[in-house]
Amino acid sequence: PAKRTAFDEKVAAEGKIEPRDWMPEKYRKTLVRQISQHAHSEYVGMLPEGNWVTRAPSLRRKAILLSKIQDEAGHSLYLYSAAETLGVSRDAMLEALHDGRAKYSSIFNYPTLTWADVAAIGWLVDGAAIVNQVSLQRCSYGPYSRAMVRICKEESFHQRQGYEAMMALAQGTPEQKKMAQEALNRWWWPSLMMFGPSDKDSPNSEQSMAWRIKRDSNDDLRQRFVDMTIPQADYLGLTVPDPELKLNAETGHYDFGEIDWDEFWQVVNGNGICNRERLQNRRDAWDKGAWVREAAMAHADKKAARKLAAAAE
Amino acid sequence: MNKDQHVEFLLRLGDNSLVLGHRLSEWCGHAPVLEEDIAMTNVALDLIGQARMLYSHAGEIEGKGRDEDAIAYLRDVLDWRNCLLVEQPNGDFADTMARQFLFDVWNFEVFSALTKSSDEQLAAIAAKALKEISYHRRHSGDWVIRLGDGTEESRAKMIAALDRVWGFTDELFQMDDVDKAALAAGIGVDLEALRPAWESHVGAVLAEAGLEKPSVTWSVKGGRTKGHHSEHLGFLLAELQFMQRAYPNSNW
Amino acid sequence: MNKDQHVEFLLRLGDNSLVLGHRLSEWCGHAPVLEEDIAMTNVALDLIGQARMLYSHAGEIEGKGRDEDAIAYLRDVLDWRNCLLVEQPNGDFADTMARQFLFDVWNFEVFSALTKSSDEQLAAIAAKALKEISYHRRHSGDWVIRLGDGTEESRAKMIAALDRVWGFTDELFQMDDVDKAALAAGIGVDLEALRPAWESHVGAVLAEAGLEKPSVTWSVKGGRTKGHHSEHLGFLLAELQFMQRAYPNSNW
Amino acid sequence: PAKRTAFDEKVAAEGKIEPRDWMPEKYRKTLVRQISQHAHSEYVGMLPEGNWVTRAPSLRRKAILLSKIQDEAGHSLYLYSAAETLGVSRDAMLEALHDGRAKYSSIFNYPTLTWADVAAIGWLVDGAAIVNQVSLQRCSYGPYSRAMVRICKEESFHQRQGYEAMMALAQGTPEQKKMAQEALNRWWWPSLMMFGPSDKDSPNSEQSMAWRIKRDSNDDLRQRFVDMTIPQADYLGLTVPDPELKLNAETGHYDFGEIDWDEFWQVVNGNGICNRERLQNRRDAWDKGAWVREAAMAHADKKAARKLAAAAE
């Protein structure tokens, strides 16, 4: 109760909760779920982009893409570390991912079919991620908040590169422009869905907001993304696939059409084109890598034993 | 040394880097542990970066307007000059690390020597690359040791992996007319002379790993000097080059 | 039904055949027994032959000068209209046979119906193809039975294989505007109406194999009607199309 | 001895030895080695061509190639059957292939690097095979002789198709012509090597000739192939990579340069680019197919048992 009060006051005063601080069990659990889900998303998110590494259309784009994917692996690593400060091991989190208990962002269940999809992911998916992460920089849990600061810097770099890649297509040959438009058609709505259900259908949000794990509502963040992105699409000369989209002169925001939540839940629940493959890829890498991880541990043990034996002589 | 030979000499180096970088990039998202996703991507990035510098330099010397992408994306298999070793498929993690290690040790010696090349641009590229390659060599060598000195299973896999690639290493030390001309011009390297240093470093790492030098007797050559590759390279190129072939004359 | 829809309808059929024929041809020289090298190559040949006839016919109706090769080799992934089922990777022999069987049973019903198409050329193609498909269906069905009723291991593999592809079968019975227009014009097939015959044949073979109908609940669609494929198709096309992309405007 | 005399007389009279006839053990062994090696060559020979099935440059060429490979599988099957008449099982022959005791034609240790290599194999390798097989149609062992008759018909069809594919290249764009010439450069000498060592270095040949297992000497067959092929190369406008090649006005045959027997033995002894892969491919197919073959047998047994049980009721 005293601890509880101290916790509540600290959160209310925009202080940061640190790993050694007392925290309500549900706060801890919520954070573990959210941070590990975020880590899994970075990890699984390497796959749709990795799908184009060997086919990138120029060496410069190939290097940019590889570098981006490397950053994602790095983000995944920070995030697993942040979650580990809450007393859960990376292996346990991976186990939950592999057996389907833990989730990752459903956007990665869509396939990257053309090079323009890679550009669109950089522009839209990273764009949406940044809106969310900027908000999370003010999260009440210290390690997560600091990870977000670091990640946001790299993500906005990725987003600019994605936009630039999209620009090259939009200003390119008719085939390139068509490829860009088709990518926007396929990725627009899933990007909006990344912010999660409407506030009215998002029952867990209230407690998270109170604990300042979450700082803005799903719908607010989504609106921020739309407002930011539409002028960019206009500048590219591409058409956002939403006939209801228009600037609302009164609010100063863009109004947009109804999201097809049925599709959202379909994909979340396993009916995206890549759900099975993404998970199978992660499981296969884990299973096929088991002997390598065991070997590394065995070697480290032997080496330590040898050092000890040498010291004892 | 004529201009064609100079260009060819640079392409041999660049093709090694790009093909091996490509192979490593195939691991992207599939490494045995997240830290290796980062490390292998890092090596792939270095190698692709080296290929870009070498290709750009070759294109300038050639003077026919080919840039790095024209060189990478618009040559068919017989015009590639990488050694057979680097184009071999990834296999398992031991295969990948055995291939990488035997190449890294050679590549380190080659680029060390190239820092003194009379082709100043090449010497500058080599100086930059050498720092990267020095890391590559340590990274792959560490894995040879970990796997060789790890479990029974990893040791067996590393032995099998070394056997599978060992016969591709003779090619690394072969000198043909182009190599000799490059050497005579002070541009190139005496590859034959690198063998003792290569054997000594490889031997030391194998010893630390508790492994013997493979006793395989086969040996194949011809990729680097004649473009006589294995059947694997064509499939690699079909993937690598798809976009530039399918959408010619586009900017990306 | 307009001309575009007619062409699209034919391409959907042809793409199914070519993509599945391509997958089977990947087995070439790697079958579990020599007799299966012959049998699978035979099925691949039939399917590729069907694709050629369908593409040529589509090209004639379209009237823009595209021949079978232009259609096969010069379309990128979003323009392909095969169902997701046929583009799935070969996996092991059980995966290949499960994919083949579920497709063959459907394809048999489709081509049976098409023999009565008001597009006489298509009806003639269907009549020829039907004899071949009838053999395909028996061949893959026999293997489902052998593997299901074989050893513990083969039974487990066949169950896993069916689970892996079952969710792609709903797509086979989906009717969109093109299908409805083709049906209304007497050219096409009522795909929804084929489901009972498909289920009955599949069910009978599974029963003989001692297998249950898979209980998977996922289902994906969109390849055949919208060109929304899995990530596998792009790699298949990079191989398939390499020569025509790398050496445009050549006769072979 | 009486049997021996009957055998010798039959062979001398150009009669055919049949499976149930008495034959010297060494005759049987020589045939088993030769026929199984021939069967293995057809089987392994599917691989270099199979390498281009998925990349054939037109659907027509793809169908022709697949059909050719299917024929080769068929040839392999006849030949294994012919060898089985001598009391050795296909599985035993495959085991000998897989563990390296049995050989296959060394030509298949060269890689097919371009489409022109596939054409060159059809033209040159099948061409050389036919010269050899036409001669073997007169082999004293009945089943082998009859297999050769059947196979020769298909092979000459393949050879014509290969030549026609080469023609399309030779008459095509400069790139195609270059590809054709490079293929000829790489495949010419290995094709000549297909007939085996020079007669003076071919010690086993004498007995085989006496038994009429072999009907013509290696050098005679090689000369026949050269005489047949040079005019074809000329017609294609391609240059055979042999500066010493010229028509000898006296003999009416083409004289040609010395074969690099060192290269021949290098490749035979394991230093061809594809030796390891070819064998590994065959081993992998066999090992990975084991459970399928077992399942087929188990099912056949169960089915037979059920039939028996039903009949007994």
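Per-chain residue numbering starts at 1, and chain names A, B, C and D are given in the order in which the chains are listed.
We take it that contacts are C-beta pairs under 8 Å (C-beta built on N, C-alpha and C of every residue); 3 or more make two chains touch, one makes a residue touch a chain.
Protein identities per chain, from UniProt: B, C = Phenylacetate-CoA oxygenase subunit PaaI.
Keep in mind that what you see is a predicted model, and the values were worked out from it rather than measured.
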Have a look at A-C versus C-D and report the one with more C-beta pairs in contact.
C-D
For chain B, which other chain has the most distant CA centre?
C
Using CA atom averages as chain centres, what separation in Å is found between chain A and chain C?
36
Taking each chain's centre as the mean of its CA atoms, chain A sits from chain D at a distance in Å of 57
If you average the CA atoms of chain B and of chain C, how far apart do the two points sit, in angstrom?
41
Residues in chain B with touches to at least two other chains are numbered 76, 234, 238-239, 242
Which chain A residues touch at least two other chains?
55
Could you classify the connectivity of these chains, where an edge means two chains touch, as line, ring, star, complete or other?
other
Which of the chains are touching one another, listed as pairs?
A-B, A-C, B-C, B-D, C-D
If we count contacts the way the header does, which residues on chain B are in touch with chain C in the complex?
76, 234-235, 237-239, 241-242, 245-246
Interface with chain D, chain B side, in the complex: residues 76-78, 84, 164, 167, 217-220, 222, 228-231, 233-234, 238
For chain B, which residues count as touching chain A in their complex?
18, 22, 25-26, 28-38, 41-42, 44-45, 48-49, 51-52, 55, 68-69, 72-73, 92-93, 145-147, 149-151, 153-154, 157, 236, 239-240, 242-244, 247, 249-252
Flag every residue of chain A that touches chain C in the complex, lowest number first.
48, 51, 55, 111-114, 182, 186, 270-277
Quick check: in the complex, which residue numbers of chain D touch chain C?
43, 46-47, 50, 53-63, 66-67, 69-70, 73-74, 76-77, 80, 115, 165, 168-169, 172-173, 175-176, 281, 284-286, 288-299, 302-303
